[in-house]
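Structure record follows, encoded as structure tokens.
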Amino acid sequence: MNFASDNAGPAHPAILAAMTAANAGHSPGYGAEAAMERVQAMVREIFEAPEAAVRLVATGTAANSLLLATLARPWETIFCARTAHVQEDECNAPEFFTGGAKLTLVEAPDGRMDPDALRAAIAAEEGRGVHGPKRGPVTLTETSEKGTTHGPARIAELAAIARAHGLPVHMDGARLSNALAHCGARPAGISWQAGVDALSLGATKNGCVGLEIVVLFDPAQAQEFDYRRKRAGHLFSKHRYLSAQAEAWLSDGLWLDLAARANAAAALLAQGLGARGVELLYPVEANLMFFRAPRGLHRRLHEGGAQYYLWGGDLEGGNPDDLLTGRLVCDWSADAAAVERFLALI
Amino acid sequence: MNFASDNAGPAHPAILAAMTAANAGHSPGYGAEAAMERVQAMVREIFEAPEAAVRLVATGTAANSLLLATLARPWETIFCARTAHVQEDECNAPEFFTGGAKLTLVEAPDGRMDPDALRAAIAAEEGRGVHGPKRGPVTLTETSEKGTTHGPARIAELAAIARAHGLPVHMDGARLSNALAHCGARPAGISWQAGVDALSLGATKNGCVGLEIVVLFDPAQAQEFDYRRKRAGHLFSKHRYLSAQAEAWLSDGLWLDLAARANAAAALLAQGLGARGVELLYPVEANLMFFRAPRGLHRRLHEGGAQYYLWGGDLEGGNPDDLLTGRLVCDWSADAAAVERFLALI
Amino acid sequence: MNFASDNAGPAHPAILAAMTAANAGHSPGYGAEAAMERVQAMVREIFEAPEAAVRLVATGTAANSLLLATLARPWETIFCARTAHVQEDECNAPEFFTGGAKLTLVEAPDGRMDPDALRAAIAAEEGRGVHGPKRGPVTLTETSEKGTTHGPARIAELAAIARAHGLPVHMDGARLSNALAHCGARPAGISWQAGVDALSLGATKNGCVGLEIVVLFDPAQAQEFDYRRKRAGHLFSKHRYLSAQAEAWLSDGLWLDLAARANAAAALLAQGLGARGVELLYPVEANLMFFRAPRGLHRRLHEGGAQYYLWGGDLEGGNPDDLLTGRLVCDWSADAAAVERFLALI
Amino acid sequence: MNFASDNAGPAHPAILAAMTAANAGHSPGYGAEAAMERVQAMVREIFEAPEAAVRLVATGTAANSLLLATLARPWETIFCARTAHVQEDECNAPEFFTGGAKLTLVEAPDGRMDPDALRAAIAAEEGRGVHGPKRGPVTLTETSEKGTTHGPARIAELAAIARAHGLPVHMDGARLSNALAHCGARPAGISWQAGVDALSLGATKNGCVGLEIVVLFDPAQAQEFDYRRKRAGHLFSKHRYLSAQAEAWLSDGLWLDLAARANAAAALLAQGLGARGVELLYPVEANLMFFRAPRGLHRRLHEGGAQYYLWGGDLEGGNPDDLLTGRLVCDWSADAAAVERFLALI
């Protein structure tokens, strides 16, 4: 009953099998292996973007920060949701990689940036000449950190605000596959057709060992990305184990299948919680959810073997009736039995 | 009738006279001139801080950023008022000088950080291990950007919150002299005795040519500051012209006299505005104020020769009845006649 | 006949088997998995350093740069061999991670820093107060980039020069295992006992998928390292696949066995070249060598299927008699048959 | 008898008079004052560059570093003379401002970069793809740190090497006025016509209080420069005191007159040293020189009241016969009497 994070789950066996299969003989490194050609072709086809530049890195923070550094100048500010991973969970990586750009926080009550709040935030960075930070990229997280999804229309609405000011748009797609599995949109429709310039497509959380696929829809930016990746220590010499992961993950729709499995487990969990009168804070659209419950219940769940993180207070101490928020994340390997055991504890 | 900024005013003649007097013969540079010894002794005496390290730079952004970089590590976040100069008007200088530290904005409705908001902001940066930014320095602005002053008690209250978490405290004292002239506190009482570790004492806005006095109450931090100042191009070779300014400015209480003059002009202006029914947004305690008035009035004032900045809209276009906010700043040279001419236009 | 790089070879099957074995069920991430405890214990035992802090990253540039950033301040200069990987092959990563420290190049004619040159380089950074860069860490590469090894005595000699000036010592041990396999020294003897403070122990080039083991002999520096690793995107969420590699690699002396295999292949190759009168530029002590030969011979070798890099000129064009330098690297999987085929082409 | 540095001398009285004259009434700041328009027009006329963008900062390190950061990307290396101020005397400022670019040192035995050495250095940074640093700007120092001058032909020769590789050229002209006074070249001829893209024209060392004039011959780079200047704290609010210095310094050829005075004093000194058999290390072409003499003589000079820096050893201790190098710098205010007193001590 581990619902702590989708990165607590294992990789799909096909991924390790592919890495093992790639482990034969000598190979050029640094992305010059033949498999990388195939990966780029697959991504271009899946995203209907025949010119896109495709790169691989091993962590989500690397993908996000390298892309933001490619899109932003150091004197700019990056507009992100208040809850965004780049703001909350990357220990100032965007500031580091960009050489000191700022993040401007946009309200996103349910994890999705509010369009009016984005408009206001952009407008507020106007009219101070060289004195204030200059407007830089807008970064959107799909699936959001709260487990909600934007879908193509909302992404397009937000991206249009950015583009009206000439600002590039980045998508942190650490869980984009879960959003796609939810809404059924075409990858092109939720990315470049909706106005996204550069994408971090997360695979680690969804069945890989350590892989994030970077998609630069404007290939002219690839060279700068390459220099930044190298000097940040994120270019792998034995790159074949990244391309092997990517090829297996994208083959035969595995990436979407795994996302659908995780979503299904989450839906089952949400349904069960709802049926038991447990309060869910946001619509459950992908593979994670937040629920509010008394500390006493959280204790019982943890004592029963459930693993997940709490927000707003500790398990120990305090009044058993205090309401604390728990986050439950289902990875691709979460099964119905675990969900049922969890629900049975309530 | 120039109320645009205190840096639009001239230097006091004594400052230029001192620079001219310093312009005789050869002198060691880089702060090794004899006058710098005297300046350090004066600052130590004025602040009752016999161990403090004193340094000079030429701009406020340099003073603030160099000090914040000395106090913060790159993976930390600096707590500042939402309205702080370091956030709004330094084009990401703190992020640049610190090597990528973050700024966490604390609500400060009237320019003064709300203690509960500071507590909440610090608490919110807890419990994410290496993932979130780590808590770093708290920076307070006295006089605040809204023209209000904290006074020693409020500074001490905010600094105590920082120190309870082991966080150092910086004061952006670009207009500290105006606050002191207002409240009559002892410099020690509003700085190190209230919990301030490092101070940017602004002189440029208050009668100098280009001078900010840096006071490190913990002299052990001076060496790091010195390396940072040098590698940022802020160590002056012909340093004698900075120490000459400082010596003249601090002599015979000139710095407080000039601040008192500016405050008096502002008080006269505020009184006149109040008498004419003009809405002032915040208490006028130092040398600047914000007033709300219809666009039509702002136009009349500007056409009559008044100079000041508007917030929330442009002078031209739009409805003459729209309420716009104007900022009025009095420098030491603002005289009663200018104030009267301004008021007469209303 | 791929002698292009040791990272062109495959991982040892035991490494992928260990990763596959680790792929079971849920696990804490970010190094909190149980295997990481075991890895730290193994490293401590192997290095006879019961207090050392052990960390894992995936690339050599990450290991080197994060350690150098932990050891150096931005206003310092890092002393490295002119041929060092950190200078030549990391696209300014040390400058990036340190926030702008400098590298001072020390002559190292055969890849090993000359002690007198190091003394002179350190002495030259003296006496300019805040104006010049300040002296920072010394970094040594064992096995050197030229395929020579220092051995404990030479490492100790160089480290003593650093320590006499109070400077910390870093070892880039991308091929340390090859040096140990060559000289038979104890790991402690060539590292902390010789004066090394922090070590990048390379595993990627020697049979792993992507793994570098960071050893901080002073564990007080681990926390700063951890923040730097996180904010550089080098902390892996599914960290178990790094610790699995490390555990397998260090078990039963596999790491030294693999290094010995690579060295043996290189010795065979060197012997054969020598027997055929081919000029070798440096003593062949580990798993790589440089040889000088006419362009015509290089062409014949490449046309015969040999893969390796050339220095000082291209294969195509030019005079067939021009002497060009080739670098031959044997990885653990290089076998005698490949060596024989290569030699037969000469 | 102060020959320690040209920044040990006073400013010319006309400079302080101009600052005092500028100290009247209110003025826009940040370079928006009317005088700045005049300064830009004067520089454009003097340099026959009607499109050039002109900016003012207060220190040479600021001018150099801001320009190099504008010309270089963080993954590039800047080619500079081994003796360059940016390498030796700016405490890693170029690395800081550029966000981690590297400096590649080019041999310059007499302070002037050797063309073949520059060619070789550029060639050496070739062919390692993303792994090595990429080639960046070439920076030339005129007058060189050794007191020699390049003149237009040598500048053009070196710049042509850079331009053949598409690399921009920066000139550190801290003492450009001395070189111009020496060779009589037109400012255009030694700068943009010779291939220089951006110039730091030093005024501080040559009679100003604190002023460096930045000339961007490609005005398209001015906006980036402006953001960088602001976020580095080098944009002055009371900018009028910079433009006042510049206007006075450039008026009526004062800048060249002052340089000629300094050069004349240096020539007198060099002649006297030569006549007394003292060894001068380099041709004396501007306002500084290096001489080699026994420690005993250096002691006698210092005891007699001469001030200057020594290279290669200390005044105290050691053998009186040891040969040490002394640097003598004449500023504009150095007079014949001081020179005669100095020579009389020998």
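For the reader, a short list of remarks on this structure follows.
Read from first to last, the chains carry the letters A, B, C and D; within each, the first residue is number 1.
In this text, a residue touches a chain if its C-beta (ideal position, glycine included) is under 8 Å from a C-beta of that chain, and two chains touch if they have at least 3 such contacts.
Please read all numbers here as calculations on a predicted model, not as lab measurements.
Chain centres here are C-alpha means, and the one lying farthest from subunit A is D. Here C-D and B-D are compared, and the pair linked by more C-beta contacts is B-D.
Its interface matching that of B-C in over half of the contact pairs by residue number, A-D stands out among A-B, A-D or A-C.
Centroids built from CA atoms put subunit D at 41 Å from subunit C.
Our note on geometry: subunit B versus subunit D, Cα centroid distance of 34 Å, whole angstroms. Residue positions of subunit D touching 2 or more other chains, listed in rising order: 74-75, 90-92, 96, 99-100, 130-131, 134, 227, 230-231, 235. Those residues of subunit A whose C-beta lies close enough to touch subunit D in the complex are 30, 73-75, 99-100, 129-131, 134, 224, 226-231, 235.
Residues 2, 4-5, 7-11, 13, 16, 19-20, 23-29, 57-63, 65-66, 90-93, 96-97, 204-205, 209-210, 227, 230-238, 241, 307, 331, 333 of subunit B touch subunit D in their complex. By the touch criterion given at the top, residues 74-77, 88-92, 95-96, 98-103, 105, 128, 130-134 of subunit A touch subunit B in their complex.
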